[in-house]
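Next up: some structures, all given as structure tokens.
Across the two complexes that follow, chain A remains constant while its partner is chain B and subsequently chain C.
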Partner chain A sequence: MRRNYEAVIGLEVHAQMRTNTKIFCGCPTTFGAKPNTQTCPVCTGLPGVLPVLNRKALEFTVKTGLAMNCRISPYSRFARKNYFYPDLPKGYQISQYELPVCEGGWVDISVDGETRRIGITRIHMEEDAGKNIHEGGSYSYVDLNRACTPLMEIVSEPDIRSPKDAAQYMRKLRTILRYLGVCDGNMEEGSLRCDANISIRPVGQKEYGTRTELKNINSFRFVEKAIEYEIARQIRIVDEGGTVVQETRLWDSAAGVTQSMRSKEEAHDYRYFPDPDLTPIVVQQSWVDEIRASLPELPDAKQARYTSSFRLPEADADQLTAEQAVALWFEAAVAAGAPPKAVANWMMTELMKHLNDENRPIEECPVQPARLAGLIALIEQGIISGKIAKTVFEEMYATGRDADSIVKEKGLVQISDSGAIEQAVDDILAKHPGEVARYREGDEKLLGFFVGQLMRAMKGKANPQLANELLKKKLV
Partner chain B sequence: MHITSAFPEPIVKLNELSIAELRRLLDNREVSAQDVLNDIMGRIDAVEDRVGAYVTVTRDAARAMAERADSALAARRAGLLTGIPLAIKDNICTMGIRTTCSSKILYNFVPPYESSVTSRFAEHGYVLTGKTNLDEFAMGSSTENSAFQTTRNPWNLECVPGGSSGGSAAAVAANECIAALGSDTGGSIRQPAALCGVVGLKPTYGRVSRYGLVAFASSLDQIGPITKNVTDAALMLNVIAGHDPLDSTSAPVEVPDYASFLGKEVRGLRIGIPKEYFIDGMHQEIDHSVRSAIRQLESLGAVPVEVSLPHTAYAVATYYILATSEASSNLARYDGVKYGFRAKGKDLVDMYMQTRAEGFGPEVKRRIMLGTYALSAGYYDAYYKKGQQVRTLIKQDFDKVFEDVDVIATPTTPSPAFRVGEKATDPLEMYLSDIFTISVNLAGVPAISLPCGFTGGNLPIGLQIIGRSFDEATILQAAYAFEQSTSWHTRRPLL
Partner chain C sequence: MITQDDVRKIADLSRLALRDGEAEAFGAQLNSILTYVQQMNALDTSAIEPTSHVIPLQNIVREDVVRASLPREAALQNAPDATDLFYRVPKIIE
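The block that comes next holds the complex of A and B.
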């Protein structure tokens, strides 16, 4: 009989920090510059140069550690990871080994309405390598623009149990990093990268199985797919009586499979040792406190506040807090006086549809939050109908103008004067004696016809509730 | 505007003068910077083919710098080194001027940037005479490990000048420059200074910026002056000492005017004499000269005190684990990809292997392999980590002794200059020539070597004075007092 297996997954996530300059020199970190134009003697590893730590990178790492509930080490240091590769100009990468900046934290993820806590083993700083460029022909090229840009490595405990949880964990990290403004979270551009350590074990077994390390997962879509594939592969091996081999495997997104890259025996001995060119990093508690005080409200706290203070359903709160800019937009609209649920509904339907269609970030939304609040107020006050409001919103989105002036200019104010509506009803009934007769004989579906006629006559501005009432009254 | 014509046939040659003496002549405009440079270049022409101190003589750069120096002198804008011809060890980067580390792997490397020490020299108006020979990547004690040439000892051309700053020490001793910069990882300034009869100062680790010094062992390397006398060492240190934002390991410790300590008396100064440095079977003439030197200091009022540095016996082994570990990583960048020598290979890995096999000399390869081994998984704790622990003990030895004494006096070397080839085939024997200088680097403290006598064969003997961290002032004070009460520093080799 086929046994039941449980997957044990740990993720190592590399996040490129959004500092203006590189981690050990003053070169800019802008993406997409011409090859080797953002380099200097330090980041190209010339003989005799020395690294000097960019304090912003340390601040970003401490910030992230605090947001992920880590202990911040008062004393940490850099180590050298030694290996040869053309994109690594010094022949070693400056990283952290024995004493990372942050240790022992956690983040909560929510999957199918359940909250799970994923442990964070450590967060450390390191420099990125450059890029090898193979364009065919007998030469390869090296671009060192990316060399020495600051990375954070966020290592999770093996607390993740399913591909779906892994993907959710990645999304959560991305959300937190973006809230903190320390990483743009763009997996396709490589500013967020993920390696996964994966093993399986029979349900109930305590010991871990042999793990494989999965590299090259370079998009959110593939986090789930790649891990799914690898778990299935391992289960198949064990079910067929084989044993999983400890090795590093590459995710091949085109073929949708993982492939062996190197075995345990071929694994590098990186010969880590403390980097003598950089003095130990001493972090004062007062500075940590300062950074803690400067942290923004984080997604978990916002989410809790939205469900308790704003009484939003959990799904709404989740959606609105996934991006800080969206949450801030929402809060601004609420602060302008609109009921939270109404704002949430408008944002999650009309607003997001427009923004998504144009692939426009909410920061560039032509409608200001206070103006959406103004539109909602017009509906609440019965000045326009919900249907008219959609037309008004289109105009607001197209022009950026406020609802009030659009409604006034276009004469869209809803008519709630029963005298005027009554007059129009009388006219319509007089014009359609045949339909009136049929209605009175019991064909009540014709009510829709009369409503349509009335709305057309009144250019849609009749208060719909009032119009219905009056029609029914006169048709009896 | 030349004043040369007004300066008759000199009694002393300009190339024989010190920085302090030339400073006065230049500032008084009795000679021009170009006169001084011409005299130095004449001297180089006369003796360099026998000494071989230089890898590169920078005639054109020197001429331009001397012209600028003369303009500055004319405008009364002279700095501390304006017009002074200085030589730089060829492991210190000079922008636009080939910097080889005496290695085939960097034979064509022209730095696009300037080291911090030479930047400061330039601000003070120095004239660069050239780049001096060294043991490849500063690994050695004789300059025999240079890929290009073996420098000869000006006192005896059959002998080595010591190393690794042998080129700088020989150039100073042979008057091929007025003073020079060296670097000292385990004795590489002091040992050649002792063997060439000149003054060599290794400052405290962190006192002088290492930015632009091609790294051998980053936690031990330190740049320092090699000069004709103690005064010049103080003057050079005044220029290069101090924090540098480009070197995180350079210390933000205040820099005193070192020259102001020269001439202060040494009465009551407590001098530690470590018993581990005066052992049975020691070279007799060295033992004799150093003991005489200590008696001389005593006669000036200093107080000798016997002290113990109990972990001295472990210093050489510790050094060769830690220094090679760091070197194995520091030298990884010489892979043929970006600069320097590249050999042809079948593929990337083959190119790496051929480049490093052909580009590095045997001693460098030996140390890379030693260090790689010491850092390897499974050996790290037994070697590198243990080495760090012993290093701490050695440092504590010095801390303890300095609670009781102001300076420590020892011989600089266990033997005078040895013959070329004598130790070249026995690395261990060569390593032991740094036995008295290595502990100082492990402890990070400053030390100076100055002439204190000669052997019967007319080879110089060096006295080493070691000080507390960041207390170069006191060792300069003691060294100056000794120097001024003796005449050893006035002797020059006949070439």
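The block that comes next holds the complex of A and C.
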């Protein structure tokens, strides 16, 4: 992006709520069910039916609002958003327009070590549409399983200034939603979707430029790429003396470009009005307080605690708190008595490497947190070396057994008896008179060779510090 | 005043096809309805909350418990057009 323009970006994120049933009827919301097997007269919009709000969807929305520092409206209501599309059986979507459940919040994101606050305009509830399937030929096909699935729409203020910040904001929302357990955050399955409003303006100008709305962004990588492309496109137009047209554009991930949807202007004439089929929602302060009390410790709070109480570097705290399950695992290992930094190091290297290789969630980690603490204790007590510990860890990961019994069974206890090590040192020096002579003539790099020989002779079990000391002493 | 263009636009948004002369006829009817409602303007309603619901009920909710869905055959049986699995509609051009 050129220096003389800045981008103004606002995101509308749709999060599918993790309820058992749809927002206005009792149909299940299971992903991947056979087409048109999870519908009923309500979600297919048959005459004479009444939608009834799923209490859980309201609770999840209030919960999310609180986690994102919003005001919870004591009175809110549903509205009809009218438009025709084959995946919308009623000819309107039930949404919220005036009086959404949550307003005026914020989340903090951290980019390159800097914290930025992104305002949340509102969070409202609405129903999802069905799915259209396009194949060749002269027909399209409609599956209404997804129709009426509960969504939260989280609308940000136009506070985002770069594609990278936008992606970071998305990640932060996902983390919070997953901590709360209100959305699984699976972008591939469409549980989290993002539309972006983008405009550019000369740096220093207060007024916003004409914005375009980008739809169809379905991965973190695409959030960044699509917005980057759109900013560059707008700058090019303005630089060439043109004007940006207000329109909806689709991100085409295969071609890596955004394309105009060329929809008619009327498509945006939604004629919202209050939905008479659904009663107003009055949220009592006592219920809000109850929900607030049930909130888990959120990523920002955890991170602050990890850097202050556990004295972890910020990067470690970041990584360990991105997923709640990882954070809880870490805390369990620390609670079992291991020093936090040692646990963090093991988790971010060996443990994560294994889990990532097997694409296994930490909940299914074969090593229990307390057992990692046990392994660390053996190192701290000088019973095994850090190097041997890696071998022990492999065995723990493969079998789920505890460190102590593996060390005992395999005879891996570190030898800290200086007599035994001295004996081995003498043997090695006697076997390599040439190297000894060269070392004594000043080739000190050979120390590594002797250490290697010694460790091999002692099957890696020599206390490394002691081994080094004794070698140096005898080589003088 | 509702113009004939307004009527055509509303009809278009509602996917209603108008025959010749209907824009004029419906325009006149809509205007007469609006004129009738306009009597409200004679009253001072500044201190009255706009009414969005006429029934004095609030917070009608259900628990998040699964109920049986319709069998697919039943769901599709009244559709104007369907395959074994899907509702079938004229091709949607994005």
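Note that in this section the second predicted complex is superposed on the first by the 457 of 476 C-alpha atoms of A that agree within 3 Å, B and C clash if a C-alpha of one lies under 4 Å from a C-alpha of the other, contacts with A are read in each partner's own complex, and residues count from 1 in each chain.
Definition applied: contacts are C-beta pairs under 8 Å (C-beta built on N, C-alpha and C of every residue); 3 or more make two chains touch, one makes a residue touch a chain.
These numbers come from a predicted model, not from an experiment.
A.B. asks: Look at the residues of chain A and decide whether chain B or chain C touches more of them.
C.D. replies: Partner with more touched residues of chain A: C.
A.B. asks: Which partner does A:R55 reach: the first (chain B), the second (chain C), both, or neither?
C.D. replies: Only chain C is touched by A:R55; chain B is not.
A.B. asks: Taking the superposition on A as described, I'd like to know which of chain B and chain C A:T21 touches: first, second, both or neither.
C.D. replies: In the superposition, A:T21 contacts chain C only.
A.B. asks: After superposition on the shared chain, which partner residues are touched by A:V142: those of chain B (first), chain C (second), both, or neither?
C.D. replies: So A:V142 meets both chain B and chain C here.
A.B. asks: Thinking of the overlay built on chain A, is A:T44 touched by chain B (first), by chain C (second), by both, or by neither?
C.D. replies: both
A.B. asks: Taking the superposition on A as described, I'd like to know which of chain B and chain C A:M261 touches: first, second, both or neither.
C.D. replies: second
A.B. asks: Please indicate which partner A:T210 is in contact with in the superposed arrangement: first for chain B, second for chain C, both, or neither.
C.D. replies: neither
A.B. asks: Is A:N82 contacted by the first partner chain B, the second partner chain C, both or neither?
C.D. replies: After superposing on A, A:N82 lies in contact with both chain B and chain C.
A.B. asks: Between chain B and chain C, whom does A:P276 touch in the aligned arrangement: first, second, both, or neither?
C.D. replies: both
A.B. asks: Touching chain B in one complex and chain C in the other: list those residues of chain A.
C.D. replies: Shared contact residues on chain A (touching chain B in one complex, chain C in the other): 41, 44, 52-53, 82, 84, 86, 142, 269, 271, 276, 278-279.
A.B. asks: In their shared complex, at which residues does chain C touch chain A?
C.D. replies: 9, 12-13, 15, 52-55, 57-72, 75-76, 83, 85-92, 94
A.B. asks: Would you pull the chain A residues touching chain B in the complex into a rising list?
C.D. replies: Residue positions touching the partner: 41, 44-53, 80, 82, 84, 86, 89-92, 142, 269, 271-273, 276-279.
A.B. asks: What residues of chain A sit close enough to touch chain C in their complex?
C.D. replies: 19-21, 25-28, 34-41, 44, 52-58, 77, 82, 84-86, 132-134, 137-144, 250, 261, 266, 269, 271, 274, 276, 278-282
A.B. asks: Once bound in the complex, which stretches of chain B touch chain A?
C.D. replies: 91-93, 99, 101, 106, 109, 111-113, 115, 210-215, 217-219, 245-249, 325-326, 328-329, 331-335, 337-339, 348, 352, 372, 375-377, 380, 384
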